[in-house]
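Each in structure tokens, the structures are laid out below.
Common to both upcoming complexes is subunit A, partnered first by subunit B, then by subunit C.
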Partner chain A sequence: MTALPDKTDRKLGLVIDLDTCVGCHACVISCKGWNTENYGAPLSDQDAYGAAPSGTFLNRVHSYEVQPLATSDKVQPPAQLIHFPKSCLHCDDAPCVTVCPTGASYKRVEDGIVLVNESDCIGCGLCAWACPYGAREKDEAEGVMKKCTLCVDRIYNENLEEIDRVPTCVRTCPSGARHFGDLADPDSHVSRLTAERGGMDLMPEMGTRPVNKYLPPRPKDALPEIDVLAPYLAPVDDAPGGFLGWLDKTLEKL
Partner chain B sequence: MHPAPSVIIFTTFSGLGFGLLAWLGLGFPDVTGWSAFAFFTIAYVCAVGGLMASAFHLGRPERALKAFTQWRTSWLSREAVTSVAALLVMGVYAIGTIFFDKALPLVGVIGAALSLLTVFTTSMIYAQLKTVPRWHTALTPVMFLALAIAGGALLAGEVTTAAVLLALAGVVVMATWLHGDGAFARSGTTLATATGLGSIGTPRAFEPPHTGTNYLLREFVFVVGRKHGTKLRIIAFTLAIALPVILLLVPFSHWLAAVAVLSHVAGVLVTRWLFFAQAEHVVGLYYGKR
Partner chain C sequence: MPHKQPTLNLSPKVSDEVRKTTCYMCACRCGINVHMKGGKVAYIEGNRDHPVNKGVLCAKGSAGIMQHNAPARLRAPLKRVGPRGSGEFEEISWDEALDIATGWLAPIRRDNPEKLAFFTGRDQSQSFTSFWAQNFGTPNYAAHGGFCSVNMAAAGIYTMGGAFWEFGQPDWDHTKLFMLFGVAEDHDSNPIKMGIGKIKARGARVIGVNPIRTGYNAVADDWVGITPGTDGLFIMALIHCLMKAGKIDLDYLARFTNAPCLVNSDEKSPEYGLLLRDPDGKELVIDRNTGKPAPFDQKGVRPDLAATHRAAGVTHRPVMHLMAERYLSDDHAPEAVADRTGISAARIRAIASELARVAFDEAFELDHAWTDFRGEHHTKMTGRPVSFHAMRGISAHANGFQTCRALHVLQIILGTVEVPGGFRFKPPYPKPATAHPKPHCQATCNGPLDGPHLGFVQGPEDLALKPDGTAARIDKAFTWDNPMSAHGLMHMVISNAHAGDPYKIDTLFMYMANMAWNSSMNTRGVIDMLTDTDESGDYVIPRIIYSDAYSSEMVAYADLILPDTTYLERHDCISLLDRPICEADAAADAIRWPVVEPDRDVRGFQSVLCDLGARLDLPGFVTEAGDQKYADYADYIINHERRPGIGPLAGWRTGEQGLTAGRGAPNASQIDNYIENGGFFVEHIPKGANYYKPWNMAYQDWAVGMGLFDKPLPYLFSLYVEPMRRFQLAAEGHGDRQPPDHLRERIRRTMDPLPIWYDPSGDNRAEEYPITALTQRPMAMYHSWGSQNAWLRQLHGHNPLYLPPNLMRDNGLKDGDWATVTSPHGEITVPVLEMAALNPNTVWTWNAIGKRKGAWALDKDAPEATKGFLLNHLIHELLPPKGDGLRWANSDPITGQAAWFDLKVRIAKAAPQNQSKPVMKPIKSPVGQGPDNLAWKVGK
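What follows is the complex of A and B.
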């Protein structure tokens, strides 16, 4: 049923740290790998080795440049490069769910995950039209809509080691930029991170109330000016003896 | 938005077909027998043909029947339900006029209402989308209904009424264009709100996630042909509104009426192409495009 639940028991989601993401795209690759080999239709590629390759991805990493405003301290502050992973935000008011004509899209009451029942999906694409974040893509081979499942086949999977029962993007991230947990629980580490770091919603004006939060980049450190070569150029011994002493004297005479 | 031929043909012809059905249901023109058969054939070919064209953009058309289930929340599902209801009710009315020489006024009125409701539900599929600011306005359903009612009157041969309604539809189409041109800017959605990075400074898309294209860019970021927007609007307005009105105002002849209908259909096809091609989805912001 495509009516949204009034309230979900938990709000499982991701907190993505824009301060620590290094833009390595490992989450993109691990997501493509896990979700091609496991639950649902594989994420297909078209013309993968040809001139115009294209494919279905549930997670993509953009990169943005932000030019900070000049201040009296920094007349010409350096631009910041921010890597920006983007996947389904599992919105509380998910517009993709209510527009679905077949009931294939739904938001789970128990944990708030937004999923697609692929055997009911007619591939009309209206959910992708309704999503402001580009979280849904039509798989060209399967003809159905694909989206992030929050690795629903990992997080409850008792065949996996406990440490692996998180979305594969979180498990893979080498810089610790991705965090998974229950955002309805104020004591969860993701809720605490959001509170401490001022976690934010993307496009709040769309009224989608995303569950996933983004942690803004922290201000860059302002270190004192250091000449990194200076220590190597300063004399280390005023009166060397032995061979170096002889060399020093000989060179002085020349 | 990608102007897919399937949705352009679908919205144009189902609008005309259901517009004509609405007029027929209200008894304009008051025809029976073979004459009624001809009118209903045109209406059903347009309406059903349009609906079938829409099935071509589905990834899994064989499951299309499932689209009738979610009318509580989905405008697309409501459209499916009301369109079939309109076709069935008007079918009863058509059988009465064609085979029994008897119009059933109550059935006709209900059928006409359902026909217009179908056009309304179609328009709401677009108007509901906050993600496409140009469409997210009450003008969208007004424009769809105005064109369907005027086009229906034209097909129904209501010469004077059609001329007036076409002129009114022209005003609505103009208003839609003028209002739509500033809609994205007025929506307040920018790369700064999309990324939340506006507090630091002005963000700029630096590198896309990949060098190739993807479903999102193909479906939502359509920039080809925008530079001809003004010329195409003039062509669309001339064909859909101005020429048919002139042809209706000169002394009536069936040939001129046929030209008026063809001109109107061609014009509406161009307005629908512009409706999609000029609509910008907010997801384009993430890619530094619109």
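What follows is the complex of A and C.
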């Protein structure tokens, strides 16, 4: 079993905005592309053109339908669809690390990123079993456990322009729903967003203390339904001369 | 075990080189950085400098590496050796392939050019392919707009000189209320996602109107789950509420639209319903300064919206009067449409009220001085921060044109088009219908056509009819059946050619159009037409040439295959002459270039046309000496001039003093200049010229300087579309060119110059088939190309039919059950899944996931080929027979747009199945099957 560091200097992570994620999977495939070509073994695909294609992904988007409860205002509130991207949350108390029998899984002291040292990994899968989020997958071709690296080979990479030193999922996200930064710094962009928007831990009851946060969707379908006497819709054609009379009068004022 | 941390190389080399080109994984045309390692494509990301995507990239774009390396790529020209549909081919050389093509096409051109039908599908080089067809001389050319979104495009151009997507965009920086209608999540995909993200970050409201709540509608603040096909009713109810409350921008309507133009109101006049014009043909308005008629664009004129005018004994009423008469009627009140639209009257009012509040109470001003076309100087620009977007959802109905018109009218009465915060055109738009070509169809043996094929008719005189009144075009575009078919009717080509109606053809030549599968209505029937033989055993459609990069279903049905390259192996231009990539603040165009050379015996289709054009001695493709004029497409892109100084690319042309933008002579290094700049060119519109474009002289002058047009073209928005009235007049018996009697009533009813709504469901037998069935394309996938992509197919490998809870319950269905779906035309049996965020009378599925066994290099047991299915089997290109012996197209009667979304079905529980039905027999793959496993790392 493997020890976690006592503390980390920073807590790098993602803040994912469920209010704007349109479920397009751009992050999923960008991640697949970068991490196939870069850190560790490529993310392989089995039966790639066959009956049951199944490959390794470090990030997946699931969609959940939500049926809000009826209220006195809204007897039949419409159902909603929430797109939910999910990858490793780089937990402070990462059970996937402590369960690792070889020390291959570890949490970095300087930034809190949880990684797998593939040369020490025996692919036993205990970490995947221990992770309550289902964020680890075994690569069937390489026989090692794969997980989000927070693009550790991008975020410090001096061969990239500074603006590109972010995880590839963040760089590619078309709707700007993914944010990257240091959640240990209360003044960071991600910490401020989390505070402003009520950012949440995923399944806090598991005691994993995830670093990544989710911004909840804003209330939906809140436009009040209104009757005929709405202030903005007061009819002008009740005036003498009706609509054309109003037209004449109003044109005079232009 | 104690904590131990290996030392990592945190700065690994990313790539040897970055090559910047343009994506082609969908029609969005984003800039991409292709990272190369050892001469191979290693990784693709978005180009931060690019005007379309500004660095972001969707799932398709990032999966381009799998597309480029797909096992389904064709490898060499193919000649059919078995019967059509068998998939039996032999590989041949390019010389042989081009000899065969020349041998078929040269006699057609010599004897009767109309015997060639040349239609291109998702072609992004239409200004080139149409140029080729025009030089060949056939009247039978179009791309895929007729089965896609021509209603939106044509309604926009006729109404205001442009529509959405390529034509314009919301003012994302200022808009506060964004309303989108029926948007599938594909076209303009990244810019819309970026825009939604941007405006939501500042707390703007998004209202989504769509029977299905996915994608953009899932993140909308308010979702309006409208009954399919009733958008026009809903929009006109909004117009009713806004007009009734006087929440319309009268100043804008008076200055910039034809609301003050004068309509002949004498029912007995042969010009009844036409606009009063001066001898120069300019629309007249009553000038409030003088009370007298004056040309609309005269200096200092203040058009009156209310005054009527009597001329030569005929009363003329302003369009505004007709608008009031039509839309203030209780027929358009929310209560009158609530049941049909499925939206409560209170909700319709709430939305109208919110539109009014934001447009008028949240109006703002920008300190941009500008001068309008009447010479009036304005110190500020008034913003109305309401914007709209719509695409195929409201288009692909038989009432789609009028519905799209209604949406444009709604934007215009709010005064929110081309103003800050509203909807803004992208150059070369705005461009009114009158500034576009008219259709041309006059074929001459061994000569070019008399002009461009496609265009915008202004009246019956512009229809593409032969002297005997029959259709000049195989697709019957620009006929009385669908007079304003600005994009042609690709979905009717095979059906009409097979029926010999209006005539037989010899060769069908297609590019990137999977007509034997998901791009056709009535897939099974189309396959039968492609393989049908006459009494002598010859194919009814004698010859078929097809170009595609991949082993699509269509390949098996062609006689000669010209294999295209992948998008990373080719030259292309995304041209201002065509479907450019401009922004509201800039003109822009882009190229593709071969970032890798093909490793197969394939050639870019456009380069092949340069070669074939020369072999056929086409005027635009040979030099005066008779030699091949353009060595390849790149040569054409650089050296072709459409007008003097105007070529396919606007950037880095040769000016009198060095390189210049817009107008200029060809520059031999132009493509290199593009490559150096990241694959694109952008020229910004000066501040003060970038709003009010149709009327802003600074913009008009800038556009002339750029070569977008040759003289300033200020014009009025057409709330009232006069050309439509001209067709009605003909139907009422006026004029020499008369419609056939069986179409008179329909033309009179549908070609109304003010937006109307009519119900197409009766034609689709909604009484017996009460449920609407729709398709959407997933954001992560786009038409056929996704299914063979090893990464994307893991996201959407098969497609259930989604049913709302009430329909699941009524039919005793639960998730994973199978249901038979029946339309007036056919039947399919498919797996179902419940979805609550769905209109209660609508079912839907993802489009084009289902694949034919043997196609796309997929295993015959691939889920796409077993569980995946197409709704196309349920949709016929013709309406159910009406008993009158006529073939009525399942299309919009104005534009001919394919009415995909008018499909009506009924549903019944079926026994569990192993495969979706119909099961079609496998076709033999000309490329074999893909490998089992992938571990794709090119760098070591």
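Criterion: the second predicted complex is superposed on the first by the 220 of 254 C-alpha atoms of A that agree within 3 Å, B and C clash if a C-alpha of one lies under 4 Å from a C-alpha of the other, contacts with A are read in each partner's own complex, and residues count from 1 in each chain.
In this section, a contact is a pair of C-beta atoms (placed from the backbone, for glycine too) under 8 Å apart; a residue touches a chain by one contact, two chains touch by 3 or more.
It should be emphasised that the depicted structure is a prediction, and the values quoted were computed from it without experimental measurement.
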| item | value |
| --- | --- |
| Which superposed partner A:T168 touches (first subunit B, second subunit C, both, neither) | second |
| Which partner reaches more residues of subunit A (counting touched residues only), subunit B or subunit C | C |
| Touching partner for A:P42 - first (subunit B), second (subunit C), both, neither | second |
| Touching partner for A:I29 - first (subunit B), second (subunit C), both, neither | second |
| Partner chain in contact with A:Q67 - subunit B first, subunit C second, else both or neither | both |
| Partner chain in contact with A:F84 - subunit B first, subunit C second, else both or neither | first |
| Which of subunit B and subunit C A:W246 touches, first, second, both or neither | second |
| Common interface positions of subunit A, toward subunit B and toward subunit C | 1-3, 25, 28, 52-55, 57, 63, 65, 67, 80-82, 100-103, 142, 217 |
| Complex contact set, residues of subunit B against subunit A | 1, 57-61, 63-64, 66-70, 72-77, 80, 125, 128-132, 187-189, 191, 193-197, 199-210, 212-216, 219-220, 281-283, 286-287 |
| Contacting residues of subunit C [partner subunit A, same complex] | 1-6, 8-14, 35, 37, 42-46, 48, 53, 55-63, 65, 71, 185, 189-190, 193-194, 196-198, 200-201, 205, 207, 213-216, 218-223, 225, 241, 243-247, 250-251, 254, 288, 304-306, 320-321, 324, 328, 344, 346-347, 349-354, 356-357, 779-780, 788, 790-795, 797, 835-838, 857-859, 861-863, 866, 929-939 |
| Complex interface listing, subunit A residues touching subunit C | 1-5, 19-26, 28-30, 32-34, 36-38, 41-42, 44-55, 57, 63, 65, 67, 78-83, 100-103, 106-109, 115, 117, 141-142, 152-153, 156-160, 163-164, 168, 171-177, 217-218, 220-228, 230-237, 243-244, 246-248, 250-251, 254 |
| Residue numbers on subunit A that touch subunit B, as the complex places them | 1-3, 18, 25, 28, 52-57, 60-69, 80-82, 84, 86, 95, 97-104, 120-126, 128-134, 137-140, 142-145, 200-207, 214, 216-217 |
